[in-house]
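The following pair of complexes shares a single chain, chain A, combined with chain B in the former and chain C in the latter.
On to the complex of A and B.
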């Protein structure tokens, strides 16, 4: 489906597809095709919202030729992390890349160990001592603040190195991928159904998004149409996951400044949503519901009634929470003009989700692509232009009211939809397919390749937090270090999702 | 300000008794019986090799179990074909996942009666999917109010009685886990919280994974679940206080 090019043509081809950011970079990932006599390849995918499609090119390396290519980070800045990851995983080297430190594999791994190459076994046990140097600013009076990977609170692991001029953060370097579990390698050789429990556990916060994107890829390869009722239910689950996360974030952001009544109310609302999720799916993270071809449970009338009840209550709480935020002047004082991401930065880094939309970049897979039943819901992205913590809060509040309305419509749609068909039969052959869905964090993209036996040859997972993490390090510059928890929480980026 | 006051006034106390019951669809521990052929199918459907069959008997390793429901589903499909009445199902009432190898009776006032002081806990994410971490955070929300039991999360392992490990230990975090354990004062306890830390089979064995927490540090108690519900974590913490008393 993608145009094949040689490495020599990569710069001009990337520039053509990107059109100066008009077509955001979705992802770049490597693939090893040496077993079939070909070489390595790099896929480079761009979004074309005007045709609701993803298009791009496949850079094919000569099996006997060089494994170097020209880095495209200079023309497509969002490519920086992807190119580092591809080098870690496949040993394909981007010439002229501004930062060629490892990304995924830390000090415990040796140099020249490329785990996603086919000649490396899934459980290869290697020891090494590669170097990982943190980036810091130097100068008279400057000092460093190292934080993590084990933090003071109950959060995921990452190491942050702040370069400080007094209270002001001059530079932040983030070392992530601590929870790298090798998931893309772990699922190779499994059927999509066998891999599903692992896909659901890439990330807790984005269970539905990851599962849905993955299943879309599998369904495209199988050429199967998902039954309508299952499509409606999937869309409903996605909105429930978004409401749960957004409500949780609204209760968590005030924790960055110790605004206790809001933390408490947010905590109550999130718990109500978690209990609703358990009633719906049998699991508080909505696991075990979506399967390739459809869904494996139904939303009964009784459940629909319960969903209505809980959401009315939660919607009322969200409204009060937003009034609390607006009325509390010292809270507004902390969140306005804090942690700004400019629109140009958002576009250049191909940001997604709340982070993008709070900077005036109307990027939303629900309107950019055609999946689920979003096209019938008159969905429009909700944006703000300031790009600060306040804007990210307001975007969440705006999206919540849209989601509450959508859930009402979806339950209405279920009402008149026959419930005898929830899952289509899946028969796989060799093929490639992508899937996309808008998680609470932003667009979630999977690329799946199956072999002749219908087993996974390659899975690439790009969750929403991946393109947004580099933006966080830009957003904090110039703000004071006590604002970091606030700024960090306003993005609420997953670690598990990006680390895989 | 008025909204804050109004809401505080309107919202009654949310904190309730810790309930071990789940909703109707909740996938808790597995019970029931069926034929040995069907049990063999159940075992084959388990993605984490937690289902072990010997004839008509079966055991489930709840350290590993991710409560995905595939064994129950496989059993139900076959039972329909053979029009059998019996079969496996999930318990959803009294769905407290077992505290493996720490089978004490857990009393809610164990802290006051036995330990006589508060319990200090350090969380360590050794490679989780963040679901366990979110649930651990939820133990502090107004519904569960973990503080009422005198259990506190502390910022450093040097201040902790208990290390609460979530996630399968990754290569990138092995050193952090070892160092955190070494930094703790004696007597110390380690809880493996959730299927990854307790069983280590969730993702299989890969180049990036070391395994369950007990491959790296000694583990005193295991709390199953994927993730364990906040109520299960709280019961685990109370059991830990009980165990700490015995070590003091």
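On to the complex of A and C.
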């Protein structure tokens, strides 16, 4: 399905596919096919919402020839991180890239070590002394504020370097990927079923999104159709995960300004949701529910009744929370016009999820692609145009009420659906398949390649936080540094999702 | 002479009493906040355990600092304690260890040393905290001076004990109410409470007072915290004795003040840093109106 091109033709091909941002860049990733006699390849995927599909091109490299190509970052700005990651992982060098510092492999790794190449063992022990220079601003009266990678709260590692003129942030450089786990390498050689527990644990907040995207890929390769009841249950779980995350985020954003009653209420609602998740799946993160071919368990009538009760309760709480936000003038003053991402920036960076939709970019996999039973639910993306912290809060509140309605219809759909068939038989052969699903933070994309024995040859995971992280450094410009925690929380980006 | 010694003794005893009760007041504020958020919250004696915990921990001093770093917490604590002996509280006799102006500037001395030490370790958080502290205190100081001026106009005295609300005269006036509100606003700013500063934050980038203390640990940190607790009870005592125009016992006023702080902190979130001047400007306008009404 992907057109093969030579590296020389990359610029015009990328331009053609992107059509000036009309088709957002989904992902770019490398692959090592040297074992089967071919060379290295770079896949470049674009979204085509009008045909509800992903299309793109595959750039092939002769391993003995030059491993350079023209960087497409100037044409497709969202490609900047992917190109850096491919260089780190495969050693394919984008010529003319504006920022070729390492992205994933920091100082601890040696030069010329490319972990995703097949000749590198998964247990490779390496030690290196690479150089990594933070980007800073110099001038009279300017100073730098280094924050992290170890933070005061219980959060994941990331280093932020602020270039300050007094309280105003001139520039922010983020150094992430501190705890790269090598998951894409670790699952190679495993069957999809064996890899599933690892995929579920990529991120604590989007285990359903990750497993669902992964399973979609596997199901495309096996050519099976998921039973209808399983599709409904998957959609239901996805919305439960979204509600859990959105209420958690709504309780977390006020923590950036010390708005205590809202923090407590959000925390209580999230706990209610997580207990509901435990009642549904046996664990608080909805793990172990989705399997390739369907779902492992059924949602019984009693359980559906319980979901109903809890969600009614949580919906009331969300209503209280939104009233609390609206009535607190001091809070509104903090969130309005803070951390603005303009629409053009969102489109250029191919942002996803709440971040994109708060900037008027109606980018939502639930309507852009055909998966689950979203097409029967008349789903429409919820957007706001301001692009500030307030818009991101409003988008979350709007999506929550849509999710509550969707869960109601889904439970009704379950009622009239036979429950004898929940999982299809999976038989794998060689093949390639992609999967996409909308997690609470945005679209979650997996690309799966299986070999003849049905074992994973390459798995690429792009979680929702990946395209949104670069937008954070744009959003903070023009604000003052005490507003950074608030802006950061309004995106609620995930470190684990990119440390895969 | 004997009388003088007895008076000094009384003042010292009052300082110690306030010192002993100051962590309790913090505990009560935190308890009120927790209950209003429908949380159980820690025990009201939690601050004593915290102080004990910090005291036992090793005191780490970076080799890049000067003697200011060790001196500052001691000065900060001692100035708060000195202020505690001065406020017109329970035991204060005729003798006063200085007038209202000494009171204001003895606290300013402690703050001066804390801002110096915030820059001593040359960390960016400390520097940011220090510069913000100065920005706030530049606005707080005239407000406190105005509040004192009003009472000295009313009672013709500049000693703190001479300004105590006179319940025999007309004490519940427009001027008194305005001063009461304004002094409460200023008290929140001076003691790094919401909505000016967030006392229980872990967000390094937004902190004011906590930003200055990031480099401290162990016994020096205990002194700083104890100094801050003391400052709150001192301000509450002053607020109760001088500006809270309700005729109830002083200890009840202090408790009531702590509860009100808890309520106000629950109802508010932290304001934009550059809006603090509007907030304190409002307090100053209230005070000016109070002078006119006087």
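Heads up, the rule we're going with is that the second predicted complex is superposed on the first by the 500 of 500 C-alpha atoms of A that agree within 3 Å, B and C clash if a C-alpha of one lies under 4 Å from a C-alpha of the other, contacts with A are read in each partner's own complex, and residues count from 1 in each chain.
By definition in this document, contacts are C-beta pairs under 8 Å (C-beta built on N, C-alpha and C of every residue); 3 or more make two chains touch, one makes a residue touch a chain.
Keep in mind that this is a model prediction, so the values were computed, not measured.
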Of the two partner chains, chain B (first) and chain C (second), which one does A:264 touch, if any: first, second, both, or neither? both
Under the stated touch criterion, which partner chain does A:205 make contact with: chain B (first), chain C (second), both, or neither? first
For A:124, select first, second, both or neither according to whether it touches chain B, chain C, the two together, or no partner. first
Quick check for you: in the superposed arrangement, does A:477 touch first (chain B), second (chain C), both or neither? neither
Let me test your reading of the model: by the given contact rule, A:274 touches which partner, first (chain B), second (chain C), both or neither? first
Identify the partner contact of A:328: answer first if only chain B is touched, second if only chain C is, both if each is, neither if none is. both
First (chain B), second (chain C), both or neither: which does A:167 touch? second
May I ask you to name which of chain B and chain C touches more residues of chain A? B
Touching A:256 in the superposition: chain B (first), chain C (second), both, neither? second
For A:153 in the superposed arrangement: first (chain B), second (chain C), both or neither? both
Which parts of chain A are touched by chain B and by chain C alike? 152-153, 261, 264, 268, 328
What part of chain C is in contact with chain A in the complex they form? 33, 36-39, 124-125, 127-128, 194-195, 198, 200-206, 265-275
Considering only the defined contacts, which chain A positions touch chain C in the complex? 143-147, 151-153, 164, 167, 254-261, 263-264, 268, 328, 330-331, 333-334, 480-485
Of all residues in chain B, which touch chain A in the complex? 1-4, 6-8, 11, 14, 22-27, 47-48, 66-70, 73, 90, 123-125, 127-138, 140-143, 153, 155-157, 167-168, 170-176, 180, 202-209, 226-227, 229
So in the complex, which bits of chain A are touching chain B? 105-106, 108-109, 115, 120-126, 149-150, 152-157, 177-183, 185-186, 194, 197-198, 201-205, 207, 248, 261-262, 264-265, 267-268, 270-271, 274-275, 278-285, 287-288, 296-297, 320, 323-324, 327-328, 494-496
